[in-house]
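Each chain gets a letter, A, B, C, D and E, in the order it is written, and its residues are counted from 1.
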């Protein structure tokens, strides 16, 4: 092996000087142009891979970190992180990523094909467009329209419109990110734990008579559940039973007494 | 930190963290040089050299690297190895150097290498880092060679079996059959199909990787559905 | 994670140190590889030896550079000047093509070989892989050096007319240059 | 009784998807018959095999994905027929089979099925075949550029569709009249192309353009309502840029294939044109 | 040294074909396979791809402007050092580009927050974008003059941009219509496959 000193010295000089100059400039610039940022974001950026690969859909780790801290996405959009990094991120953000019980969206409507249509709709296949055009397409103005805004919002292909006209969650794909909940213009979706909670799966505040007319399963606001609830956890809000999840002990009494089968335990 | 088995780390890099099909990183070389089995093999070798080198050195120096300038330092370390392998290929494997072209120096900006340096080697001791490097490299190589083989067979109608000839001392990739003891292996396995040129052009690269990923997704979904059914879910 | 919080000076020193070490390693590698490259170049020989090996002027036994020329070499059969040869890069469809061209003293082609090419695999690379194509060039002068579609004497490879055109134009270009350098 | 409500623009016809598709197929029947008359058995085989492959592929894929099979809407038949018509008659029979399977599987099924695909499946199938087996896909005979009477029936034509320009135009007039294709794109592109060619000095190449292939491309393929832009302005832009792209191809002596690639390239730009020409909705961001 | 500089500053007649080559016939994304990570990651959204395209075009052009003098005044044998240090080109280029990108990010973050939101946040992504390093390496490998280098880099940036924008519009349209596959990588590859097939086919006849 021959070490050509005449070549090595300029090489060292060039690379060393270039490295020093660039590093010096950056150190100076980072102080001179300092902009204060959220320390939590900074700490998160420290943890993230820093590969800036863009695979998460955000332009770089720093931007992704901002969105994670803001709660827009869960950290697992990052494909470069390994399980250990996720743990560290979880610790930092105070959320237990690995051990948390999975949460899934719940559809608070049993309408779909069980609910009559108000008109036939031909046009852009989005719930929002249909609402803008002539109000909801269903006879029930509170229920699911079934044109799939939630489906399009899902990044993970975890939700589809089933044959009954209602969204169905494909649990094996779902990450519980809640994008569908935000996307739903009718707000009939909510995020819930997988096992346990009891929900009134109807969103209609319409009078009982009308609900009976248009939908097979809607809550008619009869109040039987309210009377029978041992904890007093059910209230009526304009002809719709609402369960206070804080008080509910998931005893299931209301499920048994509901004449419309509009209460379920998940 | 939980103790990790050396072999376990390698397997994780190949399957669970497969850099191409799972992490979807480092796509440029994957698509550009996977026109044939031989090119894929060459790229995989160059990549392995850089990956191992950078993982070892980053891991060794991890206590010394100041956090503020760690990315420039990683780039410096990686780039040293990249330039080394680039020069060595030029001198010792000229045909491979011509075939891989600009994609060898571009390993330096390969997200996988920097990503592993940052996410793994900078936080782990040397031995697990080596395991991680080996695993990721094998995962990358497997993906590259799979794509390369499919494209070569469909695009040229044959598969040239090559290996690095180290026996005769004459450097380069040679047909397997020219190596003593392997004369029974044909130089090119011909599949007697009309070659579809499109497979070795850019659209073919995208088509191959898209089809493979679709296949893996379908298989993965099936497996998960089965698993969930077993656990009593209704799907 | 590195727990150390270094001072600015320390950061700069460390970074420079690594840069210097990188420079040392690279220079060492460079030295080794340069030696190997020199060996390879020696084995390949200069253009005159390559022209002889390729044999674009079939009867030539020796090639000698034309004085003042860049690419053109005189071909000798013993002591007689029997033609000229050249190896040069010309524009191909994808990238540069390297062609070896041999002509007799009237600048009529004696042989053409595509030395290296990076044309589309399976289409354009036929100019190299189908020797029938370059064999057509023998006996054609500069005036007929065009594809038949453009009024010349060279039949394009079907499906690879673009690359065929590049080779033909390249040969014409090289012959033109040789004529210039000789005169 | 429930009303049907749909946003603007309200198309003043009650044509369903099914009728549009089968109507277009019907419009292509004259030229299909002419092609079979002119090229004989090879043409008949190519057309039958391509259409059958398209239909079978669609059934298999949609079954495997457990989605409702929509063969009766005629889309697969139309794609198969269009693909068959742009084949050269000398092509080995397995080539259109692969092309039709690819056209249904990738540009149609993967891209969302009838109504959502972005690139015209028949053209993509053609481009794929041309990229895969360029030597097999070149038409052995070039269009006969003889006297005017050849417009009626081209005796030495290249591709199946180039058998008779007049019959293609006849079918084209039918679909334009019925509004099965977009009039803005088809007419603006055809007229602009024929006007511009003499102006930019390509008058000598006009005969190539007057073969059936160009009319099929401009009327049936380019003006396909699914792949062309939605907005009125966008469609004019689409037609104009298409002509420019075709002229570039003509400059490099690429005739029928050049036109096909120009249409495909416009398919790529079509969503982008939509994006930039669409009026912002009230309350939109 | 002047020998190196003089031809570099003179306009050459082959700049236009070079520009077209970088933009279309040898498109960086689809044909050269450079910069693909950002392509599959960022084309789900038109606004993101617009920002990224602008940033890439800017950084590519600036990198060509910055690295050319370094190569010919420091590393090439014709420089004042008189030594062939060209083997250090990759390491020097990446240092300069990374530092430049970082510096620009600092500056616009400080002085123009709106510009930072639309362009600056893409900058860190770019130092690991192989298209940028690729273009400057190709510039010195092909021995382009200074003017040609800059035009080549600018053309490459525009080529990157139009493919990004067109693909983003395609994917966005498909996602809007409920084809969920196009939210993810698989759809990205299928979209890329289509666009590549069409672009390669269309420009295969273009001779310059």
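Please note the rule applied: contacts are C-beta pairs under 8 Å (C-beta built on N, C-alpha and C of every residue); 3 or more make two chains touch, one makes a residue touch a chain.
Everything numeric in this text was worked out from a predicted model, so none of it was measured.
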Next item on the list: Report the connected components of the chain contact network with subunit D omitted.
Entry: one piece
Notebook entry, point to check: So which one's got more C-beta contacts, C-E or B-C?
Noted result: B-C
Check: So which chain ends up in the middle if you average the CA atoms?
Finding: E
Next item on the list: State, to the nearest whole Å, the distance from the C-alpha centre of subunit A to the C-alpha centre of subunit B.
Entry: 35
Notebook entry, point to check: Counting in whole Å, what is the centre-to-centre distance of subunit B and subunit E, each centre being its mean C-alpha position?
Noted result: 24
Notebook entry, point to check: When the C-alpha atoms of subunit A and subunit D are each averaged to a single point, how far apart are the two points in Å?
Noted result: 42
Check: If you average the CA atoms of subunit A and of subunit C, how far apart do the two points sit, in angstrom?
Finding: 60
Checklist line | Numbers and ranges of subunit B residues touching at least 2 other chains | finding: 24-25, 67-72, 76, 79-80, 83, 87, 111, 114, 123, 197-198, 201, 203, 207
Notebook entry, point to check: Which residues does subunit C have that touch at least 2 chains other than itself?
Noted result: 1, 11, 15, 18-19, 22-23, 26, 30, 32, 123
Note to self: At least two partner chains per residue is the criterion; list those residues in subunit E.
What the structure shows: 37, 40-41, 87-88, 91, 95, 98-99, 127-128, 177-178, 181, 185, 190, 193-194, 197, 200, 205, 207
Notebook entry, point to check: subunit D touches which residues of subunit B in the complex?
Noted result: 194, 196-199, 201, 203, 207
Item checked: Complex interface listing, subunit A residues touching subunit B -> 19, 22-23, 26-27, 30, 46, 49-53, 55, 79-82, 84-85, 170-173
Next item on the list: Quick one: which bits of subunit E touch subunit A in the complex? Just the residue numbers, please.
Entry: 37-38, 40-42, 44-45, 48, 51-52, 74-75, 81, 83-85, 88, 91-92, 95-96, 98-99, 102-103, 106-107, 109-111, 121-125, 127-128, 175-178, 180-181, 183-185
Item checked: Sites on subunit A touched by subunit E in the complex -> 6-7, 10-11, 14-15, 18-19, 22-23, 25-26, 29-30, 32-35, 51-63, 125-126, 148, 151-152, 154-155, 157
Next item on the list: Note which residues of subunit D are touching subunit B in the complex, please.
Entry: 106, 128, 131-134, 136
